[in-house]
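Think of it as A, B, C and D in the order they're written, each chain with its own count starting at 1.
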Amino acid sequence: MANSRKEQQIKSNEDTGFGTNPDNYGGRFINRDGSFNVKKEGLPFFQRFSLYHSMLNMPTWKFYGTLFSFYLIVNFIFACIYFLIGGTQFQGILATGQWGTFKEMFFFSTETFTTVGYGRVNPLGDTANSVAAIESMLGFLSFAIATGLLYGRFSKPKAFLFFSKEALISPYRDGSALMFRFAAYKDNHTLTNLEIKVNAALVYSDNGKQVFKFYDLDLERSHVESLPMNWTVVHPLTSTSPLFEYTAEDMKRTDLEIYVSVRAFDDVYSNIVQQRTSYTYQEILFDRKFVQMYRESDDGKTTIVQLDRLHEHKAVGRQV
Amino acid sequence: MANSRKEQQIKSNEDTGFGTNPDNYGGRFINRDGSFNVKKEGLPFFQRFSLYHSMLNMPTWKFYGTLFSFYLIVNFIFACIYFLIGGTQFQGILATGQWGTFKEMFFFSTETFTTVGYGRVNPLGDTANSVAAIESMLGFLSFAIATGLLYGRFSKPKAFLFFSKEALISPYRDGSALMFRFAAYKDNHTLTNLEIKVNAALVYSDNGKQVFKFYDLDLERSHVESLPMNWTVVHPLTSTSPLFEYTAEDMKRTDLEIYVSVRAFDDVYSNIVQQRTSYTYQEILFDRKFVQMYRESDDGKTTIVQLDRLHEHKAVGRQV
Amino acid sequence: MANSRKEQQIKSNEDTGFGTNPDNYGGRFINRDGSFNVKKEGLPFFQRFSLYHSMLNMPTWKFYGTLFSFYLIVNFIFACIYFLIGGTQFQGILATGQWGTFKEMFFFSTETFTTVGYGRVNPLGDTANSVAAIESMLGFLSFAIATGLLYGRFSKPKAFLFFSKEALISPYRDGSALMFRFAAYKDNHTLTNLEIKVNAALVYSDNGKQVFKFYDLDLERSHVESLPMNWTVVHPLTSTSPLFEYTAEDMKRTDLEIYVSVRAFDDVYSNIVQQRTSYTYQEILFDRKFVQMYRESDDGKTTIVQLDRLHEHKAVGRQV
Amino acid sequence: MANSRKEQQIKSNEDTGFGTNPDNYGGRFINRDGSFNVKKEGLPFFQRFSLYHSMLNMPTWKFYGTLFSFYLIVNFIFACIYFLIGGTQFQGILATGQWGTFKEMFFFSTETFTTVGYGRVNPLGDTANSVAAIESMLGFLSFAIATGLLYGRFSKPKAFLFFSKEALISPYRDGSALMFRFAAYKDNHTLTNLEIKVNAALVYSDNGKQVFKFYDLDLERSHVESLPMNWTVVHPLTSTSPLFEYTAEDMKRTDLEIYVSVRAFDDVYSNIVQQRTSYTYQEILFDRKFVQMYRESDDGKTTIVQLDRLHEHKAVGRQV
């Protein structure tokens, strides 16, 4: 087959870090959200687990849920301790009965932990005083930790890029090209000095043996100075492309996956941001092209990027 | 016309990220403050909106106004909740009447949110206690968020550069050059390793069709090691310049815009900072040159940069 | 001896910063944890000591222990001050006797420092009030410092790499190669753009004089784009290697130490991270090779990295 | 004179950012602490002033003094406001007389600002309550600002380098070389990837006109991979050096100043750090060389850097 001959002529890229053994290929390599489809095992959970990393990367609702649960649990534990110490070591308890006393202890704990300290209920005995001193110190530290986590989440550099759902094989000059596009979707967010790398992963047969290869795809442009609007990335399907004359069947046969990695400088954070995504062969459409996604404002003074049209494309005549 | 012939010979820069279709050109591309004259639409506001970005970039008075409004609103909401729970669940209320009780509830809320907790008014009932526990937790977190935002604002790397209001066509060696200048205006602020890029955007007619092109402008010097004083950026108008022999009318006809981008290393933040600006043809003056903007101190031991003279220039004889 | 002749032909690397005088060689240069085996003296402790650096680098238990000790000591000092001021300057003391009063003072101090302020005991006299005002301010600042330290610890960029305990001399193509491997062991942690430098330090005799030399070791690959799994670093023992045809005895005779330095870009922190380690000749094993350390997940959809097999290797036939 | 002829042959460095006009030369360009000897004027103080920059760069005692003064002033202002509102709007005031009431108001203010809130004295009236709500909010924010400033100070990347007080003209190979040295003086602080740039600034006469020129000085080594010990920077005084065959008198006549700039990667902060210094002709000594500044530890296992010997040098025979 012509393709597999060519596949062996074009220099593959050995430096992707994915290895080249198809035995270890389980499903796609890069998930659509840009994370690697790889798990780790063989170390105890607490060595692999990083509290800060996890708290930084979890969804917002889960983050605040975790903080709130922590707050409830800590106060419950201290309520139990105060209850065991006994109400007689406290001044100002008005509730009566076991359950009433426990509730007073619980709310005394919340007042202590958050350092509100209304003071109606306050510790008299040495044990109660000591535990309260420890709890307020703990509240103090928890506050500091929460501040650090919140700041870490807020200030975490992120590229905030939307990629088109599909990559297209579109007409390009005399032939065709693989294209996809993306845009930064946040207001007040400017990326500059963008660089993009696109790799193709192919599995093909070499004398009956499965071989897994990566190829750098040449781009019409791999660097732009800024991204005020959208960027359509173009890989021309010329004879130097590992995907030259590929049909949809070829793509399926070789289990094609296109890896995309964008690096840019973020003006707001003054930091480098990075985002990855991938397109599998099912997400590559033939003979379509993207439609324009910007327009002039009504007063003619400003360009408006239409983010809802990012994924829009239309059919074009079959390319030879 | 000689100019448009030449415009097509000098290699244009396709990598600015602005696209080359004049249809999408609405007014200037880069505002004087360096932001892009581009808006986004087509995504819900909350997806485009980034609280952290907005809070980081808003003016100081607006930032503190937002914090204060948030404080008032949160306390108003909690005051309403406590009021609905009813004054009987609290101890120590001295005010009488509905309005008096509401005010006591409002100030109890502020004491709880800020964790002051004087304690004259304090919650007795379970509902009041629970809401107060939640409010103090919320205050706790708001504090953490405010700390993060304030630190983010403080530590946001910024170049703090002033650019001259106009760019000038000044005499330079045997011919002339496009010049503008800038200086860092903050005390105790040292920029090193500065790099500058200058682009020209021109619209001209190619066989009756409007074409939009970008050109890199060659600079006498595009890098300096440090910026203790001011820097006059010089683009010599030689035959290799896309602006060679341009008149003011040529600049107007081609809707000339000069984009300026400065990157530097900031010694205080140990970070890279970036600032952009642009000059439109209206902001380019012919046959003028900048006046010197530094002087020796009275004791002769220190150089003094005169920032108020940054925009000063004077007429020079017409250049050939 | 063939080796020492060759050692003098291959260009050594003078830029390691270690110097080349064997007189200053005390034990290994780089400890296994990547720190330099170097101490400093001749400056007062407080000039060499950096509180922030130390608090950032100390183990977690020691860090929290330090904070807790600080809390105890500060409160003890303030308790003494309040005790000297005397109980009469306070309202609400219920305890009787010297020891009881001291304890009340101690717990009043903890309430003030953490800003809990229950208020049963509260200062009446001017001196007591002033000291309490200072202590609450101090608590305020300590809180800020603790927050900064905790955030600094959390957000400290770290590579989190595990290196194989031993480096191996394994079969490689027609000859053999020096190999070791490493993997990132944290979940949700992605390193990209990894670069590795490997140096060999050798002491050999040049006309009876001890000479200390560093060599860059050529690697089969010194850069990978990402590290989803593990990376086996390979230095082929060809004729251009300073270790070509080295035996275990040669390694011992020349006191061989291999320095490894990895730099990478960390996606979570958007920062550059760095980790070092070293292998002395005792940690280099001959005629062994690493076993595969990844497998497919049971559903065949994900690759699983087996971190517990990082150090596993097996014997291979003697290489010529 | 032979020197000035040569001075004009060696290519000068125009990119230092210092300009080349001797008229603006007031004393040395770079102070010994690395700051530029340049002042700014012509903008209102508050535009040139950056609170964050100033608070970050001021000495520790001044920083804490500023915080404490701010605390006193804020509380004094609020005490005045509460005093004007009048003691009748408060509950729990025990002091009598104007002065006593003012003091109670002052300490109530400190309790509110730091959010301690003992609660003996607490606001009853609407005005008092409102002002207290504002003050506690202000305390809240001040806390956040203090946290940000403290963290900013702590985490500010700094190179912590000590440079030798003098640069020396020492024997080097067959000729001589200009040498100085430096070391990182903090424990637990590792710099890697160090780069150094050395410039010479000379004023000389060109046909009776004063000309100011900068030269890059070639170094034996301008990059080292790490700095565990000290680094002696060597500029060989060969015929390609602008300082070749310079005598002490030549140096004085040309008002020689050597600018030194070191950039490095800091392992603790994972950030780039930079430090500058300069040597004027008075600080350059002839015919001396540095003494060794490290020794083996007593157990022979560790190298010890002797920071107190950094500035030590000894006479050597006159070099030809």
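Just so we're on the same page, contacts are C-beta pairs under 8 Å (C-beta built on N, C-alpha and C of every residue); 3 or more make two chains touch, one makes a residue touch a chain.
Just so we're clear, the structure is a prediction, and the values are computed from it rather than from any experiment.
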Rigid-body rotation angle, subunit D and subunit C, from Cα fit (steps of 5°): 90
Copies subunit B and subunit A - interface residue numbers shared by over half, same or different: different
Intercentroid distance (Cα basis), subunit B paired with subunit A, Å: 27
Where subunit B and subunit C are represented by their mean Cα positions, the distance between them in whole Å: 38
Where subunit A touches two or more other chains, by residue: 111, 115-119, 143, 147, 151, 271
Partner subunit B, residues of subunit C touching it in the complex: 115, 117-119, 147
Subunit C - residues contacting subunit A, complex: 64, 67-68, 71, 75, 94, 103, 107, 110-111, 114-120, 143, 146-147, 150-151, 154-155, 160, 185-190, 192, 194, 221, 223-229, 231, 265, 267-268, 270-271, 294-297, 299-310
Subunit D contact footprint on subunit C (complex, rising order): 14-19, 23-27, 29, 35-43, 47-50, 52-54, 56-57, 91-92, 111-112, 115-119, 122-124, 126, 129-130, 132-133, 136-137, 139-141, 143-145, 147-149, 151-152, 156-157, 197, 199, 261, 269, 271-274
